[in-house]
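Some structures to go through are shown next.
After this come two complexes, each holding subunit A, first together with subunit B and then together with subunit C.
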Partner chain A sequence: MMERLELAVKTHDQALLEEAFREAEQGGLGKDPVLKALTAGLDAVRERLGHHTASIPEFLLAVDVLKQGIRRLDGLKSRKNTAANQKTIVIGVVEGDVHDLGKNIVADVLAAYGYKILDLGRDVPCAHFIGEAVRSHASMLALSCMMSTPLENMREIIARSRKDLPEAAVLVGGAALDERIAARVGADGYAASAVTVSEEVKRLLAGRR
Partner chain B sequence: MTDNRARQRGEEVIHPRLPSAAEIMPGLARRLGYQDTRSIPQDLNGYIQKALEESLEAARPQAVCRMSRIERIGRKEILGTGFKLESPKWARFSQLLDSPEILLVYALTLGDDLDKRIDALRDAPITLSYVLDAAGSEIVERTADRMEADLWERPAFKGLQRTIRFSPGFCDWRLNAQQEIFQFLHPESIGMLCTKAWSMLPSKSITAALLGARGLPFHTPCPLCTQKACPHKRVE
Partner chain C sequence: MDVIKILNALKEGRLPPLREIPAPLLDAVAAMESLRGRVSQLSSLERVITTFRHREPDRVPVATLVCSAARHIAGIPFPEFARDAAKAADAFAAGFDFLGGDLVILLLDLSVEAADFGQKMIYPENSTARPDYDDPCLKDIEDYHRLSPIALSEAHRMQEFVRLCRIMVQRIGFKALVGGFVFSPLGVLGMMRGAEHMFKDCVNHRKAVVKACETITTTLLEFVQAQCDAGVPAIAIDTLYASWNGLSKDLWEEIEGPFVREISRLIKRNGLAVGVHNCGHGPYFDSQIKFMEPEVISFAHLPDDCASDREMKERYGDRITLLGYVPTPLLISGTPRAVMEECRRQIEALSKGGGYILAPGCEYPPNIPLTNAFALIEAARRYS
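On to the complex of A and B.
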């Protein structure tokens, strides 16, 4: 049953996912092992992508199937309150930039990995970013920027977050950045792509509340 | 009235032809990470073709173009009638050309229907948004290729060879040169806008310039450039 769930994500097979879920429900399987099997499927595709034997569309199709699986999780029993254990990531494209597809993909990938995502959209002013991060007790701010001109706005959000939400980690990504620029704007981490983002988030959030 | 003023300034609104799906597919395959169209897995091929057709249906290409006669080439800029292109690399390159005569400047957009379609998919499968977006990017580039080729058939360009197009933000042409292009072309007339950060709306839009000369040793300044790790380097 677990193998079938993993295979459904790996082969982005929605019909197989539905079948495997029905079996999981009948078999009284809990949320946690199911989520583990689903993410194992995505990890497998991510690994293939790293070895150039899968493409980005295949990875995204697997993300879409995993998301479909997460929506079905509510029907299963859970030993612990998963929602209460979820860490919140506030994500958005900084003010001055309207390119949001990369951010949308990252938001979906992180949601697929079980994080609670608060997506603020694009062209997000500093005050709004910080206000929402404080209000939601965010563990992380994830800032995207595809152009070099709004980098100053990204730097401002990071500086403000250090004062108003010092315990939160800051992750940045987008075409305007690389590791060096990420460090220069004051971020804790840099996500090179939607494929590597889950590893980077895991690293940054290790040990944080 | 507005149209008359635009015509007097030398701006021309054109409706470029869209390339066919077959012409776009090879570039789209590369954008999606495949070596060629044959490398696309069979179960994905239909999905990608369908998304491409949807993108083509949503695309409404329009362009404003305007010619500027080259008056002087300095060390850091090319000065045309009503338009200055500040790029030391392109200025140096221009000095090597045989009789550089004109700059063709244009703004091209696919319109905002495709952006709206992608926005509407925010809560739908992310793969479709990704493929539609990649298809839009490829369509606008290939439409620009076709438009340039069509324009170059006109008598005004007879005997002139053209460089490749270049755009603000590429090579050493500053991104904020968008402002000068917008002042020169007024592409607001075809629904194009430039944000404070110099990005364009609708998102599938291109602003570009190309040079026309009697003779070209090569088509870009890249062979003259010593920068090794340039992501925009074109090999001739």
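On to the complex of A and C.
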């Protein structure tokens, strides 16, 4: 059954997912092993994406099946109170930019890996970013920027976050950036793509609240 | 060889369609220019033709790909650049006069075609024109079936672009090669549907996507023909999704390959050179060559089947002219010295035997200083 859940995500097969969930519910299976199987499926697709043996469309469809699975999880028992352990990541495309495909994929991936995601969308002003991050006691701000023009806005958000939310890590990504620019704008980390983002987040949040 | 076409072009003071000139004659001219280039300076057109024929000119040609960034030189607001051919021409001409370079590629933005299909547009004061992503033209699969071709006579933005081509061909004349531009059918579709939805539709609703591409291509063919008639000697087809940033190779070949082949063939029937622009990661050079047989590929990253510049040059260097590939982040935040160093590295790796044009990997960013565009020009002068 776990293999079928994993396969459903790997092959973006919604019908198989539903079938496997019915069996899981009948079998009294808990949330945690089911979530583990689902994320294993996404891990497999993510790895294939990194090796370019899976494509962006396949990855998006796998994420959709995973999200569907996560929505179905409410019907299953949970052994531990995962909500209390969840770290909050506030994510958005900085003001002046509206390209959000990459940000959407990253948000879905991080939600799948158990983070609480507060997605502010695109063209997000600095004040709104910081306000939401403070309000939600965010552990991380994840800023996306595809164009060069809004890089100054990104820099501003990072500078403000150091004052208002000094404990939070800052992760950046997007076509306008590379590791060097990420360091120059003051970020703690850089995510080149959805393939590497979960490891980078884990690294940055290790030891933080 | 259409002698009338060649003579008419020369009479009008512009470069004739290169494919109208027999290849052996072009090769002979290139060989001569390559020799001459060792002792004297070539003109931009001589330099470009020589490199297209895989001979080494006096120095590596440069395409600065300064498009909307040039509006700063002429003081033209972004919305006017996007919508008024005369203003856009002033910007492009100012960029060429100010910076130099050997090619002028006419790129306004990637929404010209989609706007005329009815996609609602936003024209920001300080940024590239773009679709209103909150109001896509194609909201569901059924909308694909409702799409129908647009006549060029009803396509305002495409008409303005053709007018831009005409103006620039006359203004630039023999000073440089002026290239037209068209976004591929999937690219246009993505602007109307949203890339994320379109990607999923390519897998789940393939027939509908293919039908939509067919509809869009009908219009693109008319658009491209008009650019040919406007006198540009080359047209670039932007096939972003033929890369790791888009579809798998097989899926791209199945869905978009036949349509871009049709567009490429039309360009060639008019005697023009075909360029491909693909700034995605891991572009599928092999597939794009298979379907479009371009003279030149403009790129930002190594192709999917090459691990190094050397491998790329060995595998593709004698089949196409490589145009690229100074990274955008470097242009944004690198010093001119760092940019020139990267240019030097690329020139050393890619210029041997001709078939190479130094350029950014994509359009020069529209809102950064032009200093690093000058660095490109200086690097070509100094290191080749």
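By our rule, the second predicted complex is superposed on the first by the 209 of 209 C-alpha atoms of A that agree within 3 Å, B and C clash if a C-alpha of one lies under 4 Å from a C-alpha of the other, contacts with A are read in each partner's own complex, and residues count from 1 in each chain.
Operating definition for what follows: a contact is a pair of C-beta atoms (placed from the backbone, for glycine too) under 8 Å apart; a residue touches a chain by one contact, two chains touch by 3 or more.
Given the structure is predicted, the values throughout are model-derived calculations rather than measurements.
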With the two complexes overlaid on their shared chain, look at subunit A and say whether subunit B and subunit C clash or fit. clash
Does subunit B (first) or subunit C (second) touch A:Ala176, or do both, or does neither? second
Partner chain in contact with A:Val197 - subunit B first, subunit C second, else both or neither: neither
Touch check for A:Arg184: first (subunit B), second (subunit C), both, or neither? second
First (subunit B), second (subunit C), both or neither touched by A:Ile158: neither
Taking the superposition as given, does A:Asp108 touch the first partner, subunit B, the second, subunit C, both, or neither? first
Mind working out whether A:Val63 is in touch with subunit B, subunit C, both or neither, as first, second, both or neither? first
Using the superposition on chain A described above, determine whether A:Val9 touches subunit B (first), subunit C (second), both, or neither. neither
Identify the overlap between the subunit B-contacting and the subunit C-contacting residues of subunit A. 55-58, 60-61, 64, 96, 98, 101, 104, 147-149
Of all residues in subunit A, which touch subunit C in the complex? 12, 52, 55-58, 60-61, 64, 96, 98, 100-101, 104, 122, 147-149, 151, 175-178, 180-181, 184
Subunit B touches which residues of subunit A in the complex? 55-58, 60-61, 63-64, 67, 96-99, 101, 104-105, 108, 123, 146-150
Subunit B - residues contacting subunit A, complex: 32-34, 41, 44, 47-48, 118, 122, 125-127, 129-131, 133, 175-176, 195-199, 201, 203
Which subunit C residues qualify as touching subunit A in the complex? 126-128, 130, 133, 195-196, 199-200, 202-204, 244-248, 251, 282, 304, 327-329, 332-333, 365-368
